[in-house]
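Some structures to go through are shown next.
In the two complexes that follow, chain A is the common piece, with chain B as its partner first and chain C second.
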Partner chain A sequence: MLSRDVDHKKRDILFFSLPYLTVYVAFMVFPVVYGLYLSFFDWNILSTKVFIGLKNYVEAFRDPEFLSSFSHTLQFVLISTPLIIVVGFIMAMIAVRPTKTGKIAETVFFLPYMLSTSVVGTLWAWIFQKNYGLANQVLTSVGLSPVGWLTDPAVAMTSIIIATLWWTAGFNMILFSAGMKQIPEEIYDAAKIDGAGSFTTLTKITIPLLKETSLLVLVLQVIASFKVFGQVYVMTGGGPYGTTRVLVQYVYKTGFSYFRLGYASAMSIILFVVILLVSVIQLFRKSDNTQ
Partner chain B sequence: MKKPLAILGELFIALLTVLWIMPLVWLVVTSLKSENTVMSSTLSFVFAPTLENYRKAFASTLLGRWMLNSLAVAVITTILTVLIDSTMAYVLARIPFRGRNALFLFILAGMMIPFEVLIIQLYLECTTLGLANTLVAVILPRLALPIGVFILTQFFKAIPSVLEEAAFIDGASRFTVFRTIILPLSKSAIFAVAIIAFINAWNDFLWPLVAISSSEKYTITVGIANFQGTHGTEYSLIMAGAVLASIPQIIMYLLFKKNIVKSIAMTGIKE
Partner chain C sequence: MKKMTGLAMVALVLASIVPIGAQSTQKPLEITFWSLFTGGDGEFFDAMVKEFNASQHEIVMKTDTVKFDDYYTKLTAALAAKTAPDVVVMHQDRLSTFVPNGVLLPLDAYAQKAGIDLASFEQAPLNNCRIDNKLYAIPLDVHPLIMYCNLDLFAKAGITKLPESLSELFSTAETIQKKTGAEGIAADNTTATYKAYTLTRMFLSMLMEQGVTVFNADNTKANFNNEAGVKAYQALSDMVNKYKVTPKGLDYDSSVADFKLGKAAIHFNGVWVTGLFEQQPGLNFIAVKFPALFGKNAAWAGSHTFAIPVQKTIDEKKIMGAMKFIDWMTNHGYLWAKAGHVPTRKTAVNTPEFKALPHRSDYADAAKYVFSTPATPKWPQCYDAISDSLEEAIANGRDAKTALARMEQTINDILKK
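And now, the complex of A and B:
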């Protein structure tokens, strides 16, 4: 290369990468390491840090509140994931149609995803409001009895899942329809000539050819669901009786209401490991394909 | 004549579309109702609309201030993110050196770090740095966007190096080449990163909730969530606030629908 190029290479590399690396290390890498470090200490801001080894982790798995938060999160993941994926898939099948209704539907399906968590949360808290909310007004107008959408412990999590479905299904639609558009038209034409019906086409062509996309959607959806917080915080605050309290919320509460920072860090690390395991599945799949 | 099955399909599409738009209609309708009309248990879409709630939202709450805060946070975050992500990507795509692949992996690893697990540590860190309860604290941790570096690196790599070499021969510095050749050729990728950064910043909720303690510094997302507590039963006012809080994203969506959809399809980022 050129001489001037060599002269300033080191300087340029530093100059160009230092801003990003500073922010990245300071606010992403360091917090991970610091969190791991803190998780081995008993510390509540005012007291001095006391090293307690793995005791925070041991406590977490004996703490009924942590365990219930974990199980609520898992419940949310297990119910919402298939639901949001299937609805997103159906939406994608509608959106890829080259008709005007397809275009309108696509716009409408994706619109909620643009809204922020707190707007979605307040909107659905109002829709599910017991006396005047839209949901119960519709129910009573057709002669059914109103439901305690956010106040009945047996229903509250379902209500949160409905709101989340409405909010994020459009995201999966985008990924699915991007995948569907890559399937060559000729394959469908050939199937038509062979006399395949639309159901056969769906199960024998579309779904198998979307295996890669589906895996991506699945992993992203599971990760996003494990991190659920905002809509729960706004809609129920974790209630009624803690039946919708999720992991991130319990970490938040332990850290900023109980000030047990070491313990909160340990729980963050546990959540991190769970999410990491899910992302690693995808990485392995990727490397399988490149071979 | 259409087959009955096709008609049934059209009907299903129409139904699903209506179902999906309904909550938004309800949002806008509620925001235009007077407090008394809202508190009646009849399904009324016929009523005398009023802008009173919008006036009240600006007059008697800090909503205007929160929107300005959010706008400042989102715009600054977007500009800085694009700036530092693109210079970083330039190094990774265009300047060969030993350890570059390792550095690339080190940065990509950031995509696996969920922001939600960092809040306790970030709070402590920002407090130590004297940034507690400032908008700077809201911005800083959001600047490093690994997916942005990834998108830009891939894009820069695809730009033919002939153009660059010609400029180097003419005596241009790397900075000049970056500014006058690489950036102008990468508008679409930069735009994608900017959209991701802006939407992330505007919609961010958990971190501003943790970082900010005084209400005049809230971002709009935290402010709207806080409405629930302070104006608990004034639903028409809350919905007016929610409509206002959503206007920037709705405008962005209508203007840049294609780009937004493309950047999601391209990266699969999900907050």
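And now, the complex of A and C:
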């Protein structure tokens, strides 16, 4: 009797996860495996595939555009990740307050995240437009000189990071505030009785107790930042002269504009391995800390 | 209630069995097509297709317009799967990506069979659609790089003659800039939402004016690190860095907006902005072919063409229907000219309808001087790379020798792969 129940349970688990598994295999596992396979070929979709071994990988490490795109992505990850996490955290602190302003703030902070990449990109491209954009209108109206937000190579990446921050910090806020709401109120009450100020409460209670959440946010944010593409594509097109071209954009161009599917796949696999390594390192550090 | 439903069901079934009139026996041939036109262009194109459908009863054209960004991606996938529509619109410079893979039909025999008079086309754009002497597409239009001049600013500065040489171009721009405070030449030289393709288009045109093509004859090497290249690059760099008649860091949108708002005397762009400028109240301008800055006339041009994909099974009837559609569309090019483009067919240009359009006839002769971009599948990538290189070199004021040597290296690396 008992073993039949177990059998049923197994069957049910399989049955209920089947729809998801089907989609997951068809749209995640298969493309990844097929991408790996393609990365050893020279193929333009219309031609017959020619096996060229590791040549695509060798080419990547000699291709100045791949290397520069990779370094732009890295630059974006290093600057945007801590910024978006910290701002998301601050937003969460404001949003968890059980007041009306807290509720309004939560909505306001999260709203941008619901917009699509092209909307966000177009919006900020117009704000940052050099001659007619809002940002420069504001600057010149207070007597400052206009900035080439998207056209000055020294500033363009910063502009993209500002747009990304506005767009995605709200997602981290949701994760953080969910974590904050799980911290029992009694702990804060006890701290108050012991005379702890708000700064001490933050550093000794909130932050340590949010360790699990923070790790989740960090891993997700690093992955998301490595995959940066849409807002760059819309806002600067990788310009001025390729100084903001990021890796996924180069992969996209190579694959779908220049139709070098094999080479594009090889570059994707390299990015995949890098993201995998970074995520695994972060998770390992987590298990070290918890021991 | 139940009875009513039952009756209705019977009526429905009966209606589906009984043939409705004689129409269904003469069902028109349905031909599918894809076009890449959106915005202003799209409206004119759709109106033409509608008119074609209404003009006869044998053929009905069916479409879904694909978003331009994804057009070639989707088209390539469809061509690979042999599920592409019966007719497609394609830029002439993309032909060399597709033709070597055998996915497009050679059209010479079909054109003859359909009675399309190829001699009635402007020969330059038509021949640009030939690869290995076979015709793979029929051009609907050319959209060359041209020069827009603000006549009010010219008059204000006391200039009565349009610039016809390089020195005249710079002196005109300098004079107007000095006397009116307006921008001399609005030509984008920085990527923002669009790449600074105008630089490349001017560079290619200037090379060709000196009789030099951008690559060597078999498209294996760059061919601009030479005297002609130096002259062309120097002109572009001087425009921004020496004479300062074009602001540094100008992007495409700004260059268009500056001219549109009457803040710039001269503007270099494709013919497609003509319609936009016409709608601007108070903008008094003339649009003329790209000036012969280095002796003879030549202008970079894009060209929208019709091509017929190879299908799983070749349906002669559909191909002939498609040819009929192409014939009609090119013959009615004056309707398409409303979008600013230059018709490729003399039968469309020599119509009262075309001649009645303002501005178009001023630059219609530009079609004679268009040249094709290199016929290599690597061209889209090279086009981007040349744009990036020129933009970088001009922004940083590099000398011609350094700029051209670097650009040559980049291009040769791409062509070698």
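Simple rule for what comes next: the second predicted complex is superposed on the first by the 247 of 291 C-alpha atoms of A that agree within 3 Å, B and C clash if a C-alpha of one lies under 4 Å from a C-alpha of the other, contacts with A are read in each partner's own complex, and residues count from 1 in each chain.
In the analysis below, contacts are C-beta pairs under 8 Å (C-beta built on N, C-alpha and C of every residue); 3 or more make two chains touch, one makes a residue touch a chain.
All values reported here derive from a predicted model rather than from experimental measurement.
Participant: Touching A:Lys9 in the superposition: chain B (first), chain C (second), both, neither?
Facilitator: first
Participant: Just to be sure I read the superposition right, which of the two partners does A:Lys253 touch: chain B = first, chain C = second, or both, or neither?
Facilitator: Once the two structures are laid over each other on A, A:Lys253 reaches chain C alone.
Participant: After superposition on the shared chain, which partner residues are touched by A:Gln129: those of chain B (first), chain C (second), both, or neither?
Facilitator: both
Participant: Which chain, chain B or chain C, is in touch with more residues of chain A?
Facilitator: In the superposed model, B touches more residues of chain A.
Participant: Where does A:Gly148 make contact in the superposed view: on chain B (first), on chain C (second), on both, or on neither?
Facilitator: After superposing on A, A:Gly148 lies in contact with chain C but is clear of chain B.
Participant: Once the shared chain is lined up, is A:Val234 touching chain B (first), chain C (second), both, or neither of them?
Facilitator: In the superposition, A:Val234 contacts both chain B and chain C.
Participant: Have a look at where A:Ala224 lands relative to chain B and chain C in the superposition and call it first, second, both or neither.
Facilitator: first
Participant: Figure out whether A:Thr201 sits in contact with chain B (first) or chain C (second), or with both, or with neither.
Facilitator: Neither partner.
Participant: Pick out the shared contact residues on chain A: the ones touching chain B in one complex and chain C in the other.
Facilitator: Looking at chain A, the two contact sets intersect at 125, 129, 131-132, 234, 256.
Participant: Quick one: in the complex, what on chain B touches chain A?
Facilitator: 10, 13-14, 16-17, 20-24, 26-27, 30, 38-43, 83-85, 87-88, 90-91, 95, 97, 103, 107, 110, 112-114, 116-125, 140-141, 143-144, 146, 149, 168-169, 171, 173-175, 178, 199, 202-203, 205-206, 209-210, 220-222, 224-225, 227-228, 235, 238-239, 241-242, 245-246, 249-250, 252-253, 257, 260-261, 264-265, 268, 270-271
Participant: Tell me, which parts of chain A touch chain C in their complex?
Facilitator: 44-47, 59, 125, 129-132, 148, 150-153, 234-242, 253, 256-259
Participant: Give every residue of chain C touching chain A within the complex, in rising order.
Facilitator: Touch residues, chain C against chain A: 72-73, 76-77, 79-80, 97-98, 101, 103, 190-196, 249-251, 253-254, 257-258, 377-378, 380-381, 384, 388-389, 391-392, 395, 417.
Participant: Okay, in this complex, where on chain A does chain B touch?
Facilitator: Per the stated touch rule, the residues are 2, 4-5, 8-9, 12-13, 15-17, 19-21, 23-24, 26-32, 34-35, 38, 90-91, 94, 101-102, 104-105, 107-112, 114-119, 121-127, 129, 131-132, 134, 137-138, 140-141, 166, 168, 171, 174-175, 177-178, 216-217, 220-221, 223-224, 226-227, 229-230, 233-234, 248, 251-252, 255-256, 261, 264-265, 268-269, 271-272, 275-276, 279.
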